[in-house]
Amino acid sequence: MKFEHYGIGIAKGMALTFKHLFRKPITTQYPEERLTVSRRTRGNELVWDKERCTGCATCAKSCPEGCIEIITSRGEENNYIVDKFEVDMGRCIFCGLCVEACPFEALFMGYAYERARYRRQELVMDKEALLLSGERQPSGYARPKIEAGLPRQTLLLDRDKVKK
Amino acid sequence: MAIFNYYPQTLSPDWPGGYWLHWGVFVVIILVFVMAMIMGFIWFERRGLGRFQVRLGPNRAGPFGLLQPVADAIKVLIKEDIIPAKGDKLVHWLAPVVAFVPALMIFAVVPFHDGALLADLNIGILYVVAVSSVGVVGIFMAGWGSNNKYSLIGAMRAVAQMVSYEIPLALSIIGVVLIAGSLSMNSIVEAQSIPFILLQPLGFIIYFLAACAEINRTPFDLLEAESEIVAGFHIEYSGMKFAMFYLVEYCEVLAISAIITTLFLGGWRGPLLPPFLWFLIKVFGVFFLIFWVRSTIPRLRIDQVMAFAWKCLLPLALINLVITGIEVIALPPALLWTVMFLNLAIVVLLALLWSKFFRLGGGRVEV
Amino acid sequence: MAIKTEPFVINVGPQHPSTHGVFRMRLTLDGEVIVDVEPVLGYLHRGIEKLAEGRTYTQNIPFTDRLDYLASMSNNLAYVLAVEKLAGIPVPERAEYLRVIIAELQRIASHLVGVGAFLNDCGAFMTPLLYMFREREKILDLFEMVCGQRLTYNYMRIGGVSHDIPAEFLPALDRFVTTMPGFIDEYDQLLAENEILLARAKGVGILPEELAINISASGPVLRGSGVRWDIRKADPYSVYDRLEFDIPTGSVGDCYDRYWVRIQEMRQSVRIIRQAVEQLPPGEVRTEVPHLLHPPVGEAYGHIEAPKGELGFYLVSDNSIAPYRFHVRAPTLINLTALRDMMIGWKVADAVAIFGSIDICLAEVDR
Amino acid sequence: MTLAFSGEEIASQVEEHLPGSIVDSSQDSLVVNSESWLAVATFLKDTPGLDFDYLTSITAVDYYDYFEMVYHLTSLKHNHSLVVKTRCYEREKPSLPSVVSLWRGADLQEREIYDLMGISFDGHPNLKRIFLWQGFQGHPLRKDYL
C-alpha cells in the first residue's frame, strides 16, 4: 500500500524555505553598494568624439527611431563640418546600432546609468552635451580597445555560492 | 514586572476590590501591548519573509528597519480617505470598527502571567470563540459596503469559510478543556504541567489549521487572495480605514498566537525566564510558524477549503474528542507518557488514513 | 422556494496582478463558477508589423526585442533566421553555436519567469517567484556580459551575432551550468509534490490532445497535452541536429503538466548548453553583410521553438531595403485560443491558475 | 526535418479532386481560387497521406491589386508542410471563407487580419476587432493606410 499526499510535499517545501533562512540574501543595497556593469553595457547617453567624426551621418541612417539629427556644411579642405549633432535621448532605445555602424569609431555608448532628468527637454543633447566628460565615460560596446580597459563585471554567480 | 505582583494572584470572577483600577490598568496594558506587538509582528513578518525569500526585507527606517511599521502607519494615516461613490457609506464607515473591536476584545481573557488578565472569566475560552466570530460581520460589511464585485466575492468567501471553520475550531478546543477540566484561560494554563501540544497533537494541528482559516492566513487567505480577487473585502479602503483592517489582520494573528500559546504551549509557564517573557517567546514562535507556512505554500480554492473543513477537519476533530474523552475517563494520570506516544501514533495513523481520501482534479462544474 | 440568481460579469484586468500585463478577461460568473470568458486584447498594441515595414532589415532587430520581452534573444533569432532564409546568407559555425547557447539560456530564463509567475498565481506568496528570479538574474548577468543589455538584447545580427563572447563568459557559463541542476531540484523540492499545488493544478484546465492540435497550440502548452512536437527536433534550425536532447511531454494536458514540462525543458536546456559549449568551434562570428540589405523578391517563413511556442516570422521582400510585409506568428496569441474551453466550469481561482499556466507575454500577443 | 511540399506536387493532387480550383502553383506555394478554398482546405486536412492537421500561421499581404492570404499548413503526423495562398481582388469589402470550422487555431488570427487588414471571413463565429477598438476607422496594415 503506497502512501502519498499525506503532507510530505508540504513538509519538504517548508524544509527548503527554512534552509533559505540561513542563506545569504542576494539583495544589493543600491545607493551604498554598487555593482559594476558589463564592459559592453549600453548605458545612458551616447558619447561623441568631435575630432574623429566626419559628419557622414551613417549613425543617423542606422537609427531605427530616427533620434539622431545631423546637419553638416561643406568645409574648406573638401570635408564636412558638423553644424548640428543632436540626439534625443528620450526617444533612443539603446539598441547600439549607431555605434556599430560608425565607420570612424567616433560614437560610443555611455557607461553611466544614473542619468535621469526631470524634464524631457533636458534629454535632447546637443554637440557640447554629447562630448566626453568626467561623468560621461564611453562603454566598450563595439569598441574592443575601450572594453579591455574597463573593470570586470560583477556577477551574481560569483556572489551566490551555495550549491554544487 | 512589578505591576503583576501588585495584584493578588487570582482574581475572583466578580472582581472584588479595585474594580475600576484593575479595569483601567489592564485596558491600558492591553492597548499598549497589542499596538506594540502588532508593530513588532509586522516588522518580524516582513523581515522574516524577506529572509525566507533570500532578500533582506525592510531595513531602511531605523536600526534594522525597526521603525518601518511606524513609517507605514504615518504614511497610511495621512493618505486620502476614499469612499466609493455608490457604496453604502454608513456600512463602509462602520466596517473597520466592527472588525477591529472583537479582535481587540479577545485579549480581555488572555493571561500574560499567572492571574494577570483583564477578566478571568470562568467561561474564558468560550468567550474567545464567541467574540472572534463576530469579526466576520465587519468583513462582510466591508465587502458589501464597498459596492465592488471583487470585495463582494471576497466577503462571501469569508463568511462561508469562517462559519465552516468555527466548528472544528471549537471542537478542537474541547479536547483541551476536557483535560484541563476548566473553561477559564488561567486555569487551563495552570493545568499544563506539560504543554498540551504533547497530549493533544491532533487537537493542536486542527486548531492551528482552523485558526489560520479564521484569520485568513495562507493557505486559506482566499478572501484577500491578491492574485485572484486582488485584495478582497478591503479593495476599496484607503487611509485610516485601511490601516484599521491592517491592524485587524495582525491583531487577529496576535490573538490566535496568544490563544495557541495559552491552550497548547503552556502559556506563561516555563523555566528560568520570567513568565511574561516566556509568553512573548511562545507567541513569536507561533507567529513564526504561521508566516513560515505563508512563505512556502500556495493557496487553496474555495471548494477545496470548504471540503477540507467538513470532510477532513470536522471528522478528525470529532475523533479527537472521543479519544480524549476515553483517555480522560479510562486512563490513570500516571500513564502520561504512554498517552503522549499513543496520541502521536494516532495522528500519524489518521494522517495516512485521510491521505487516502485525497482526490485530485475535482471541482469542475458543468455549465 | 427557488432562489432567484443571475450571473454577473466581472472584469479581470487590464490592471490586475495576475494578468501578466494588460490582458483583460470578461468573466461571467455564476457565484464562483465561470460561465463564460471573453478575452479582450489590444491594450499593448503598438503596430510593430506596420512599423517594421518602414525600417530596414537590420533596424527591425531591436524591434523584435520588444515582442516577447521575456525571451528577446529567441525573437532576435527567429527574425534573423527568416531574413537569412530570405536573402540566402550563410552563418559561420561559431555563430550558430553561440546562437544555440544563448537561445537555450533564454529558454531557461523565460521558463523561470513563466513557472514562477504561475506558482505565484496559485498563491505561493512570492517565494518561488523570487527563487526563480535569482537564477534568471544570473542568466541576465551573462547576457549583459555578452551584449551589454539585460532585457532588450539586440544581439543576433543577420549573418551571425553582433559580438564574439568575452573571455570570461565561458567560465561563468560553466559555473552556471554546474549549479543550475541543483537549483532545479530545489524547485522540485519546493512545490512539485506539494499537496496544495497538486490539488490546484492536477486535472485543472485540461486541454485535450485533439483540441491542442486543432487550435494550433505550440510550445509547452502543446507538449503538456502529450503531443511530441518540438521544432528543434521536427525541423532543426541552427545546429540543433547535432545536439542530443529529449522532448518532455505531459500526459493529460492540465496545468500541472504544463508546469512539469517547463521544469523538464529547463533540464534539457542545460544539457544542450553543455554539449554546445563542448562543440563550440573557434572562428568568425559574423558574415559580412551589406549595410543596407536588398533581399531578392520573394518571401520566407522562418520559425523557431521559442520558449513559449512556435515563433515564426513571415517576411515578404520587394527587393527594397525594408520588408514589404512583416508578420509575426505569435505563439502566445494562438495559445490563447483555447482559453474559453479550458476555463469554463472552473472557479475564479482556477481562471488565474489556468491563465498563468499558458504563460503569455502581452507584448507579443498584442504586438 | 520538416518536408516542405512543393506547390506543383500538391496542385496535381488537388486538381484531380477539385478541378478548376488551382489558380497557380510554384515550387514554394500553390494559389487556390478563393471560391473553392474551403473545399481545398477540407481536402488537404482530411486526405490520408496529406493530413494537414495543424494550421501554423495565417497572414494577409496587401499587393494593392489584391489581398493575398497565406496559410502555412503543417502535418504533425507526417511532419511535412505546405504553403497555400488564396487571393481576394475586392478592395472595398473583401471577403473570404473562414477556416475556423476546420482549424480553430484560425480564430484569433482571422480576427487579427479582419482588424488590421480589413478582410472579413464568412463563417467566423465571432468576427470582431481584436486589437483596435470598435469604431476605429481604417485598417492599419493596408498599404494605403498612412
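Chains here go by letter, A, B, C and D, matching the order in which they are written, and residues are numbered from 1 within each.
Simple rule for what comes next: a residue touches a chain if its C-beta (ideal position, glycine included) is under 8 Å from a C-beta of that chain, and two chains touch if they have at least 3 such contacts.
If you're wondering where the values come from, they're calculated on a predicted model, not measured in any experiment.
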Return the chain pair with more inter-chain C-beta contacts, choosing between A-C and A-B. A-C
Taking each chain's centre as its mean C-alpha position, how far apart are subunit A and subunit C in Å? 25
Find the geometric centre of each of subunit A and subunit B from their Cα atoms only, then give the gap between the two centres in Å, rounded to an integer. 50
For subunit A paired with subunit D, centre-to-centre distance based on mean C-alpha positions, whole Å: 43
Could you list which residues of subunit B touch at least two other chains? 52-55, 295-297, 358
Subunit C residues touching 2+ other chains are 127, 131, 134, 190-191, 194-198
Which residues of subunit D are in contact with two or more other chains? none
Full set of chain pairs in contact is A-B, A-C, B-C, C-D
Complex interface listing, subunit B residues touching subunit C: 49, 52-55, 149-150, 153, 157, 218-219, 221-222, 225-230, 294-304, 358, 360-367
Note which residues of subunit D are touching subunit C in the complex, please. 1-2, 28, 53-57, 59, 61-62, 70, 72, 76, 79, 81, 83, 103-109, 112, 116, 129-133, 140-141, 145
Provide the residue numbers of subunit C that touch subunit A in the complex, in ascending order. 55, 58-63, 65, 127, 131, 134, 137-138, 141-142, 144-149, 152, 154, 162-163, 166, 168, 172, 175-176, 178-179, 182-183, 186, 189-198, 291
Along subunit A, where are the residues that touch subunit B in the complex? 3-7, 10, 13-14, 16-18, 20-21, 23-27, 29
Which residues of subunit B touch subunit A once you look at their complex with the stated criterion? 50-56, 292-293, 295-297, 351-352, 354-355, 358
